[in-house]
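First chain A sits with chain B, and in the next complex the same chain sits with chain C.
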Partner chain A sequence: MKAWISSVGAPTALTCAAFTLVTAVFFISIGQPAIKTIADMMVFAVGDSYSLSETLVKTIPIMMCALATAIPGRLGLISVGAEGQLHVGAIFGTAVMLVLPESFGLLGLCLVLVAAAIGGTLFGFIPGVLRVRLGINETITTLVMNYIGVLFVSALVYGPWRDPANQGWPATKSFPEDLILPFFFGTRVHAGLVIAIGIAVLLHLQFHRGTWSRQIKVLSGNRKVGETFGLNYAFTALLLMCLGGAVAGLAGIFEASAIQGRLQPGLSAGFGLTGFLVAWLSRHEPLMIVPVSFLVAGLISAGDALQLFAKIPAASSTILQGLLFATALAVPGLIKRYRGRYGN
Partner chain B sequence: MTETPARAAPFASLLGICKSFAATCAVDDVSIDIYEGQVLALLGENGAGKSTLMKLLYGVHEPDRGKIIVDGPGENPISSPLDAMRLGIGMVFQNFALIPALSVRENLLLAWPDTPVVIKKIKPQNDPVLKKLYEIAPQIDPFQKVGSLSVGEQQLVELCKILNLSTRLVILDEPTSVLTPAEAERLHGFVRSLAENGVGVVFITHKFSDVKACADRIAIMRRGQLIEDVEAQSIDHDGLVRAVMGTDATSRADPPGPPKSDQPRLQIRGLSAHSRNEVLEDINLNIASGEIFAIAGVSGNGQSLLAEVVAGVHQLDDGDVLLDGTSIARHASAQIMKPHVAYIPEAPRINGCVEDLDLGLNLALRDLSTVGTKPLANVRAELEKFDVRPPDPAKKAGDLSGGNLQKLVIARELADYGKAVLAVYPTMGLDIEATKAVYARIFSMAAAGAAVLWISEELDDMLESAHTIAVMRSGHIVEQFKNSHHLTRQKIGALMTGAHDA
Partner chain C sequence: METDLMALVGVWCAATLRSATPLIFVTLGESLGQRTGIINLGAEGEMLVGALAGFAVATQTDSASLGLLAGALAGGVLSLVHSALVLAARANQIASGLAVMIIGIGLTSYIGRAFVGKKVSSLDNLLPSGGEALAFFGPFLQQTTLAGPLAIAAAAFISWWINNTRSGLHWRSTGESAEVTLSNGINPIRIRFYAITVGGLLAGLGGAILSVDYTQTWAQEMTKGRGLIAVGLVIVAGWRPALVLPVCLFFGFTEAAVFKLQAMGITFSSHLLSTMPYVTVILVLIFAHLRARKSSQMPNDLKAVFQ
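== the complex of A and B ==
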């Protein structure tokens, strides 16, 4: 037992086991057959090609918001601004779509994506600059700026950007096909998945190899020592805040163009916050974020499906997410304590 | 020293204790008895296993083999500090467990078993939780925030906390390494009075002055083993050195010859600066190539700020710092500074390393800002050269003991011959052999032409080796001397405290 619990895989295995257990207890407590419901959940998450594709669709924004959180997180900055950055990215991308003439081809798509990244960058830059110049806590500013981003989308689509052809429905006109990323095999899974995984891999390499990764490690471990040895904390912090914003901004335009087809309210189903939690669960490791966001996305889509087919309350999905995060934080903590107790 | 009377039974007996961490054997088959009313000095070099042995007694670690018997024949297993405290064992660690934002009284109440649920305001003179504080440190105001106390005062508060638990055995882990000489003397007196009141004391140290001042019995450890366990009067200084080091070692490094030129290499001109709690006003110093320039002073009089300004860490308000005529000071807080001088900072755990990172990266910090550098190839050799224990490049800096962390910083800063050395308390926490090695290294750098600015409280070492000694008080250089045999410890000491003004 002692030897086994010290192994590398033990925390993950035990976390999964513990989560299954609390999920079962939760279903029993709301009067559902535990084992059958859990089996149903598995089916609804990854059981057939449609479920799998819907899970992947949700994985993309969650993964990108998690990466957006993890990038400044490597320096010890706690940004909760992915939600706002996602919305502003969508606004900037949509703006380009609105001014471009019809059928602009691949160049148009690139412009839309770049504009979205710039929008997100802007919403990372502002809290970043406030942090490094004035010392204002980035967690508070990013949190507050989320409201600006989300509500600005509403202001635009209820106002100047509302398409008259929608007969009052608050939304912009639809994205033309050539400004949307290609889809895989006729599903709603789009090329954003490849981009997101690519970003994760690139970040992994950047954060684990080379001089820059060491500089970030030193600055996050001890800012004063880093600055003693000629490192620029302010620039690094600003750069990471901007990069994080850019990734979240891309997620925003993916949602608006590929999934919803237009800019409209309800662009994000809380992806920013979910991504924040995924990033912390993955300890800001880009390669951990990939499977963890898939897992969480599966949980969300299964929860949605159960609500439709098994008459389970709508809040269940959120409760299960909460349980997952609580177990994933508690179990490794307990293991660490157990190991420490026996002088490993 | 009083004659140790024949005692009925030891308060605690450690029998055949072994403890290993990974592949390193920290404590190897040690058996020792500890008595009440006696001061046991546990002596040894950095990493000899002194602290580990006592942490085993205090329940921080559990021994791999062996047995700990406390207070007679009954079974009193210790598997956590809580058990140890219940049996009347208290330990003061090198890093205190005090909450800086709370007052002294609040800190004492936190650890006091009789703390009532509702804390009433009572006159401090009648407050039972403050009784011990008034006995041992009446000068400390119980309503002051702990954060504003000096290190020596914090140590006394920590001690009060432990004595409040009706403690029968107090373990002090290198208590004097953070104290000024005067504070250390006060602690010695206090330890003696504890023993006279029947409390057992284990005094972990590597300073012989501690042993001479207050030990009844001396136990010496070397590389995890107990080498010697004798009454204090039965061993002399040479015997101690031999037992600790395992060899006949001479005590000091040879001081370097006088500097060859008067041409100033490191110049401080009209320097003014301020930080949250220190101020410097109009400091002017010229240090020649090869000169060892020592600054003496009671800590907190501006030395740490001066060091940070010269190292380019802290921004200056006015004046300049020049190295061979080029400014090396930070004139604006946002300026990006390259490290120009070899800099051994005060409190290296905070100012000189990144605790979460491994030793290899910590050794390579000086090259960090140059893009394209590779981590050092022969980290292990570097670590072994400066005797950092363990010399494992993958180990985290935060896992090193204080003395070894100091050696790590020295290994990085003094690896190459540079133009200037800025050493702040460079031998803090080091044993004799390491101290000698550090001095030898600094002196050889001076001999090779480096300007050395040495900030210290070790007056004897300064008088022996420095070419020039300046005394700093309240942010000013009050006096500067060419070192000669006319200069005495008393004269400098008086200047440091300002006693000559009276």
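== the complex of A and C ==
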């Protein structure tokens, strides 16, 4: 217990305290009353059933993108490609929607989801194979491929997929109802939430018990040692990159079908990068990702509400995300230095 | 006829240099950092704050050169975050760089809204008019500003400096082994701090040249990943500042070509054309890795953070 407090509890508490302070300083510097604005943000994030449901709506893609980052992250791979994988997943899922005849029922929905996962997998496979075959750093390729994924969506919805019924608006035709996941209690919260939490639990089990989890642990600790024991680093790395891509791809089709109703530009409000932040804050622990993505989603939807009610631009939540990341990186390191200098 | 051809070559060279110039500065800054063992994905964010600060100052003062100065300073200031996280708190470099990138994106979207749609006048062209008799040089100089030659000079100077001076040697040895450097009485932390700061200044300058001298507008996230592409191009250039120049010029050429194709009213999807720079950087990375197989030129200490 004591070890847990000093290794996890204390840094986390100090990080939260430091981030609150940083947030207060930020609001003061843009001329807003700090304490009132922070209190407002909490109300806007979870204060009533509507705010709560909007926060949950944003939790889903963030959680999926965080899981997509954490899966290769378990092996020490730093993939920042969830944004691109999300977009390509949405493209593949939408493609199935466009070719399916009317009312295809549950089978149609499954086909759409599988296609989305395949699309995401493809965008995880490319950086994965470049990594294991040529040793090209996956961080750079995934970051660059994000731009490609976003542009592919634009190319399609401004081009061949634009539905003439939209009167010039660049978007595909709407998803028919039976190809959309069911919603909860008349809100915009959809069954993707259950799927995301299910994936998190499944990954937790995979990463903490069984042979596979030990193989990953050995390979992430020391690749050479693992390979002497006959473990295949290249295969494991490629598999994890693909799995991560599949999860992000699902997030993409959830957004396109359930939230936006069609494929159109502005599919993702930077969920990929936010997911990376959440994965990092959660130390790539799938079960930690669930609550942390909810908190960060609250931060973002509070930022949206502040724009509406307090005329503070929504970009403020991007700044706060960056500051949260910086704080979370700084605090544990500084604690370690302090302890090193003054004994324990 | 021959003079026409020369003039055409001059125009293309000018367009290539102009679109490559911001990238040259960012990539030079990034390569200096990586030579000392520091990778900085925050270059994207530093470039953005440089672009916005440069644009803001240039519109307020009507002076493009003041804008470039302000852009460089803004990039340098944002790089302090990376220094603090990586050097003081010993945070993971890649995560820290992304934090800097997010801060840069957020800050510039927040502040930049006031500057969307404003206009700015670029640096003066090297040759205001005339010079038709000069064949190649006439059209070239008419469409080139001081920023381009400055970028070439910077690449030449940095390349000479890091390879031929004592302080350059200190920087290189810091990248190979901070421990050995320290045992020789040189503080690697200080050198890395200088490298990150110079990298920030150069990224900011590159960003300012992009907004003030090249596009002459401000748009949200207008750097479009140039700072990230720069991180990849450093690898393609084999961590050698001298090679940064041809690599970036090749990149500028593809960008100029895309631009010319779009201007010609080609019916091909402009969005697919816009993927060109990203596809190109991945292709040149593949080419560079196929050629080298083992990245033997990679600074040794960098391998720990960046494999």
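By definition in this document, the second predicted complex is superposed on the first by the 328 of 344 C-alpha atoms of A that agree within 3 Å, B and C clash if a C-alpha of one lies under 4 Å from a C-alpha of the other, contacts with A are read in each partner's own complex, and residues count from 1 in each chain.
Definition applied: a residue touches a chain if its C-beta (ideal position, glycine included) is under 8 Å from a C-beta of that chain, and two chains touch if they have at least 3 such contacts.
All values derive from a computational prediction rather than experimental measurement.
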Superposed partners chain B and chain C on chain A - clash or fit: clash
First, second, both or neither for A:Lys36, with chain B first and chain C second: neither
Touched partner set for A:His208, first chain B, second chain C, both or neither: neither
First, second, both or neither for A:Val218, with chain B first and chain C second: first
Chain B or chain C, by number of chain A residues touched: C
Touched partner set for A:Asn232, first chain B, second chain C, both or neither: first
Chain B versus chain C as contact partner of A:Arg283, first or second or both or neither: neither
Which of chain B and chain C A:Ile136 touches, first, second, both or neither: second
Which of chain B and chain C A:Ala326 touches, first, second, both or neither: second
Clash with chain B, by chain C stretch, listed 127-135, 181-189, 271-279 or 289-297: 181-189
Common interface positions of chain A, toward chain B and toward chain C: none
Contact footprint of chain C on chain A as seen in their complex: 78, 80, 130, 134-137, 139-141, 143-148, 151-152, 154-155, 158-159, 273, 276-277, 280, 313, 315-323, 325-326, 329-334, 336-337
Chain A - residues contacting chain B, complex: 211, 214-215, 217-218, 221-222, 224-232, 234, 343
Complex interface listing, chain B residues touching chain A: 21, 61-62, 311-313, 334, 336-339, 343, 345, 350-357, 361, 364-366, 368-373, 375
Complex contacts: residues of chain C adjacent to chain A: 41, 81, 84-85, 88-92, 94-96, 98-107, 109-110, 113, 224-225, 228-229, 231-232, 235, 269, 271-272, 274-275, 278-279, 281-282, 285-286, 289-290, 295, 306-307
